[in-house]
Amino acid sequence: MNMIYIVFIVLLGGALLTFFANRISGLLRDTFFLLTILATTVLFFTKIHIGDTVSFTLAGLNLKWGLDAFGWYFSLIVLGLGTMAAFYALSYMKGKDRLGYFYFSFLISILSMLGILMSHDLVSFFIFWEVMTWSSYLIVIYSGRNVQKNGINYILLSALGAYAMLTAIVMVYANIHTLSISEMINTYPQFSHVQQVWLPVLFLMAFSVKAAMMPLHVWAPGAYSDAPMAYTSVFSGALSKMGIYGMVIVFVSMISYLPDDTLFKETFAWLGAITAILGTLWAIAQDDARKLLAYSSIAQLGYIITGVAVGTDLAMLSALFLAALHALFKGTLFMAVGAIERQTGTVKFTEVTGLIRKMPWTFIASLLAIIALAGIPPLGGFVGKWMLYESLINSNHYILVIAIFFASTAAFLYCYKFLFGFFLGQEEKEWENVKEAPALMVLPMLILAAGTLVLGTFPGILLKPADAAMQTLGYASTEGHLWSMSILFNEWGDQVLLRPLVYAIAGTFLFFLIILTVKGWKNTRYVSTKDISSSGEVPLEYENLTFSVNFYQPFLRAVGPVMKKRMIYYYREFGSGMEALFDYSRRIYNGNGQTYAIYVMIFLVIILLFKNSIFG
Amino acid sequence: MEEIKSTIIQRIKTHFSDATEKEYPYNRVDFSVKKETIPAILFYLKDEMGFKHLSHISCIDWLEENEFEVVFIVWSPTDKIKVFVHTRVDRENPVMDNVDMIWRQANTYEREMREMFGIQFTGLEAPEEFLLEDWEGPPPMRRDFDTEAYATNTYWERPGREDAKDIRETIEKRSGEILPDFAKKYTR
Amino acid sequence: MQEILQYTWGALVSFVVAFTVGITYMGLNRKITARVQNRIGPPWYQNFFDVLKLGSKETSIHHGVMQHMGPAFIMVTAVMSLLIIPILNDNRFFPNLNFHGDLVFLLYIMVFGPLGMALGAGQTGNPNSAIGVTRGLSQMVGFEIPWVMALVALMIQYKTTSIVDLMNLQAETGRWLMFTSPFAFLAAVLAMLGMFRYAPFDIVGAPQELASGPMSENGGKYLFVMMSAGSVFAFAKLTLYVDLFMGGANNLIILVVKTFILYLIPMLYGIVSPRYRTEQAIRYFWGWPSLFGLLAILQAVFL
Amino acid sequence: MMINDKNSQKIVDIIQNYARKHSLWILAYGTGCGAIEIPPTMTSRYDAERLGVRGAATPRQADVLLITGYLTTKTLKRVIRVYEQMQDPKYVIGFGSCTINGGMYWDSYNTIKALDRYLPVDVFINGCMPRPEAVLAGFAKLQELIQAGKADGARKYKENLEWYRANQKKVIPNWRMPEYNW
C-alpha cells in the first residue's frame, strides 16, 4: 500500500479513534490525539518523498494525489505548526468540555490541509478545500460565543469562495474534459481570452477569502479570535497559507500567460499593500489581544500577497520565506495570548498588566516573536522584509515600497502595544498570584520563537526548500544568483553577510550589558513598580497607574479619516440594499388573479415575439 | 434697586416667619434664620427668586456666646443682588443640614468647615480627610485651639530666634510713625 | 580574527570620535540656544561635565530586567549605525561593516534601539514613560514616510541600495546629491527635524508635561549610557546625511564642518519653534515633506 | 596602576567632584513663595545655566533638591519621598528663613520650623525670599563644598537614618512609604 494512503488513513483513523476514545477516558483521548499527529509527522517526513504519486478511480473520476517540492514546503508549515499546536492544545484545552469534538476537528483540518497540498486533481482539491472550511468552522463555533456574527461571516464568505472555485472547475471540465491540475495548466494558454481572464479571477476569489485579502477579509478578526487559541495559531499560521498556496499556483501558471498580466499583478500587489496598511491601522486600534493579532495576521498576509503578485524570483522567495516565518511568529503569539487567557482569564490590554515577572518564559517567546514580526534585525523577519523591499525596488514598484514600508513601520505601534499591554507597566495586586503557564504550553512557544532566532542567522535553512519549491513552479534556480547559506545577494551589488552583522549586534549588546551590570553592581537596586517618581506621591496598592486606555489616540486621530468605516459596514449596506430590492420585487405577487393573467399574457407574447431568436 | 430689595424682604418674610432681615447699602440684604430653615430658604432663593449662584459659605466662631455662625452668600445674576443668610449653630453639638444637593459646590465648603471647625453636616457624602492630612488634633480653626502651644509642642524650634518681638514697636521706632490704638491691641 | 580585530578597532575609534563630536554638538546647541535667548549660557564643553557626572553617580535603581537592558539596546543601535555608515570616503581609518544593500538594514536597525528602550521605559510602570513612548512611536511613523520616500528616490535614481555606491557616485561626478536631487534632500532634511526630536517635535520627552517621558525613571548609570548613546547616534545620523547628500568627507575636519552645518538646521529650527501636538506633528510630516518626497520620486522616475 | 590605590582614588575624586560641581541638575520643589524666584534665576537676567545649573524633570535625574520656602507637614512627606528617590550624591538647598527657623510661619499649626531636622541640608540661603543673586551665591557655595568634598548630606542621611526617621515620624503620624535601604 502506498505511504500516501497510510498517512491519510492514520490521520482519519486517529481522528475517529480520538473522537470515540473521548467517551472512554480523557487520557486515552489525549494519547490517541498526540500519537496521531506525531505518527503523521514522522511518517510524512520519513516515508513520503518528493515525487511520490498515487492515482485511483472513484465513481468514474480519475483522482491523483502526490507530493511535489512546493507542496512539501507548505506541508512543512502545516505539520510543524500543527505538531507544536497539538502539544500546546493538550495543556490549553485541559478541563474544557466537548474535547473529542475539538480534537477530531483539529485532526481533520490537518488532514484536509495535507490533502490540498497533495491533490493533483481539481475534484479532490475542491473536496479537501471544503473539508478544511467545515472543520475550521466547527472549531470557530466551538466556544459558542458570537456564533451568529462571526461563524456566519466566516461560512458565508467561504461559501462564496467555494462557489467561485466550483464554477471555475466546471468551466475547466467543460473545456478540456479532464480534472487534472497539470492538464489544466498545460492547456491554459489555448483557452479563449474570456475564459483565460475568468478562470484565475474565480480561483483567486476562493483563495483570497482564505488568505483574508482586503475586501474579503471581514470574517477573519471574528473567526480568529473566537476559535480556541490552540487552534487559532494553526488557523492563522497554516490554514490561511492554503490561500497563499493556491494564489502562487494561479499567479505563476495562469496569469503569467495572460497578455495583460501586469494589470492583474499590479492590482493584486496593491490589494495586498492596502490590506497590509488597513490591517495594521485596525490592529493598532484594538484593545483585545486576539483581535489585534487577527488584524495583524491580515496585514502580514497582505505583504505575502504583494510578494506573490509581484512575482519576480526574489519577491516569490520572500513571499515563501515570510509565509513560513509568519507561521512561526504568529503561532507563538497566539499561543502566548492563549497562555495569558488561561492564566488570568482575560485578554484585554486594559485589564492585564505587568506579567513579565510572573510569566517570564511567555514574555521571552513573545518578545522574540514580536521582534521577528516587526522585521527588526537580527531575527528572521528582517530577512523576509529585506528581500521584499529589494524585490520591489528591483521590479520598479516604487510607491508600493513606501506603502509596504508605512505598514511595517506602523506595525511597531501594535507590536509595542502587545508587549506593553500584557507584560510591562505597573504590577498590580490583582495579578499578584498569576503563575507561569504549564511547560507543555511554554515549550512549543519557545521552540517556535527559537525558530525565528535561528532563521535570522541562518536563513539558508528555509531558503533551500523554498528554492526547491520555486523550481517546481518553473523558476530558475535561485541558488546561484540569489542566495547560498546565509548569504543574501543583491542584484545591484555583491554579497551581504548576515552573520557578521548578527554577531556584531549580539557582541555590542553583550558588551554594553556587561558594562551596565558590572558598573556600580553593589549600589544598583531593584525597586517595585509602585516606587516611581510621581511628584512625591506613593501610589496606593489599589491605585492603577498603568496607561492602557486610548493607547494610540493621537495617532488614530491623525489617521482617523481612513478608519471611519469598516469593510463590514459596506457589506451590511449591500445586504440591506439587496433586501430592499427583493422586497420591492416581491410586489409582483399582489394576490390578484387578474394581474397574474396579465403576467401570463406578457410572457406568451414575449415568447411568440422572440421565438425565432430563442429556439431558432 | 431699593424696590427689588424691599420685594425680596417682603417675600422672604411672608414665607419664612423666623427670618429677621438687616438691610445694607448698595446691593446687599442679610437675613438671620434658624438652622432648620436653611435648606428651605436656600431652595426658595434659588428656585423662586433667581439666586442661582452660591458665592461662599463661611463660618465664624463666637466663643463667648458658645455658638458658630454659618453664613451663606448667594448672588442673583439677573437682579445683581447678593443675599447673606446667617444662622447660628450650637458650639457643643454643631450639627446642621447638608445643602450640597442645591449647589454641588457647597460640598467643598462643607468639607472644609467640617475639617476646620468640626461642624457635622448630616448626610454629607465625602471622605473625611480634606485639606489636613493625618490630622489628629482638634479642629484647628476653632478659637479655643492654641496654635502657638501646639506648634511649640509638635515642631522643634531652632533656639536663638530673635525676631518674635513686637514688630510694630520696631516700625514705630524706626520710622516715627504712630500706630493707632486698635492696632496695638492685637499685638503680642 | 584579523577582520574582527580590524572591525573592533574601527568601531572603537569611530565611537570615540562620534562621542566627542556628538557631545560637543549638544553643548554647542545649549550655548547657541542661550545666546539666542540673550543669555550667556553654559560653556561649550558643559555636556562633558554632565556625562561625567552621570557616570560618577554612585547609586542607581531599576524596575526590572528590561529597564536594565534598555540603555544597552539604544547603544547597540548607535554602534551598529556607526559600523554601517561610512565615516570617511575611504574606509582605511575606520574600517566598518558596510555592505551593498545596507540602507534597508540601516532603516530597521535605527528603530531597534528606540524600541528596546521603549520596552525598558514600559517596565518602569511610570505612566509618563508609556505616554512618551506612544507619542514617540506615533511620531516615528510620521517622519519615516518622507525619509523613506527620499531614500527610495535616491535608490531608484542611482539604481543602488548602498551608501558606498552613492558616495562613490558623488566622488566621480563631483556633484553632491543635494543639488542633483534637491527634492529628496528637502524631504530628508524635514524628516531629520523629527528624527532629532528638537522643538517643535519634542513632545515625546517634554520635561514639563511628561517629566521627560521615556527617560523619567532612568538616572545614574542608565542615563549616562543613554546620553552617550544619544550623542553618538546623533553624530551617526548626521554622518549618514553627509554621506548621502553632501558627498561624504575626505578627512575629519571636513566631516565636522559639514555635519555641523547640517546640525544647525534642526537646532535653529527648534530654538524658534513652539511645540506640536502628536497628531499635528504627524500631519506635518505627511504634508509638505511627503509631497517633496513624492516630487523626488517623480523626478527620479521621469528625469 | 592600581585603582584602589589611595592617591589615584584622590585624583579620581577630584575629577569627579569637578564634574559634579559643574553639573548641578536641580529639582525645584516649588513650595511657598520661593518658586517664583526660580524663573528669573534661570532665565536671561541671571542665567544660572552659566554655572551648569539646569532643570531636571524627575528626582531620578536630579542632583540638587531646592526647597523653596515653608513646608507643611503634608508637603514634607512628599519632599522626603522625592529626596529618597534621588540618586547619590545628592544635595539639598533650603531657601529662605522658613526652612531655617520657621520664618513668618513660626507659630503655624502645620508647618515645620527647621528643615535640617528632617532632611540633611547642605546649603541654607537666608532672606525672605532670597533674591536671585543670593540664590546664585548659594549655588556657588554648594560648588565650593562639593569641590572640597564636604557636601555629603546623603552620607549623613544614610548614617543617621534612625534619627531622621524618628523626627519625620513625629510630625507625620501616618507613615506609609517604601523602605530606604541604601
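Every chain is named by a letter (A, B, C and D) in the order it is written, and numbering of its residues begins at 1.
We take it that a contact is a pair of C-beta atoms (placed from the backbone, for glycine too) under 8 Å apart; a residue touches a chain by one contact, two chains touch by 3 or more.
Values in this document were obtained by computation on a predicted structure and should not be read as measured data.
**Q** Looking only at C-beta pairs that count as contacts, which pair of chains has more of them, A-D or C-D?
**A** Result of the comparison of A-D and C-D: C-D.
**Q** Measuring from the mean of all protein Cα atoms shown, which chain centre lies nearest?
**A** Central chain: C.
**Q** Please tell me the distance, in whole Å, between the geometric centres of chain A and chain D computed from their C-alpha atoms.
**A** Once rounded, the distance between the two centres reads 59 Å.
**Q** Nearest whole angstrom, what separates the Cα centre of chain C from the Cα centre of chain D?
**A** Distance between chain centres: 35 Å.
**Q** What's the distance between the Cα centroids of chain B and chain D, rounded to whole Å?
**A** A distance of 40 Å separates the two centres.
**Q** Please output the residue numbers of chain D that touch at least 2 other chains, ranges allowed.
**A** Residues 58, 60, 77, 88, 182 of chain D each touch two or more of the other chains.
**Q** Counting only residues that touch at least two other chains, what does the list for chain B look like?
**A** Where chain B is concerned, no single residue meets two or more other chains.
**Q** Show the residues in chain A shared as contacts by 2 or more other chains, in ascending order.
**A** Residues 523, 525, 527-528, 530-531, 533.
**Q** Once bound in the complex, which stretches of chain A touch chain D?
**A** 523, 525, 527-528, 530-531, 533, 535-538
**Q** Which residues, counting only chain D, touch chain C once they are in their complex?
**A** Residues in contact with chain C: 15-16, 18-20, 22-23, 25, 43-44, 47, 49-50, 52, 54-55, 57-58, 60-61, 63, 86-89, 182.
**Q** Show which residues of chain A lie in contact with chain C when the two form their complex.
**A** Going by the criterion above, the answer is residues 354, 356-357, 367, 374-377, 382, 385-386, 389-390, 393, 396, 398-399, 401-402, 405-406, 409-410, 412-413, 415-416, 419-420, 424-427, 488, 490, 492-497, 500-501, 504-505, 508-509, 512-513, 515-517, 519-520, 523-534, 545-547, 551-552, 554-555, 557-559.
**Q** Quick check: in the complex, which residue numbers of chain D touch chain A?
**A** Residues 29, 58-60, 77-79, 81-82, 85, 88, 176-178, 181-182 of chain D touch chain A in their complex.
**Q** Quick check on the complex: what are the chain D residues that touch chain B?
**A** Touch residues, chain D against chain B: 73-74, 77, 100-102, 106-114, 117, 167, 170-174.
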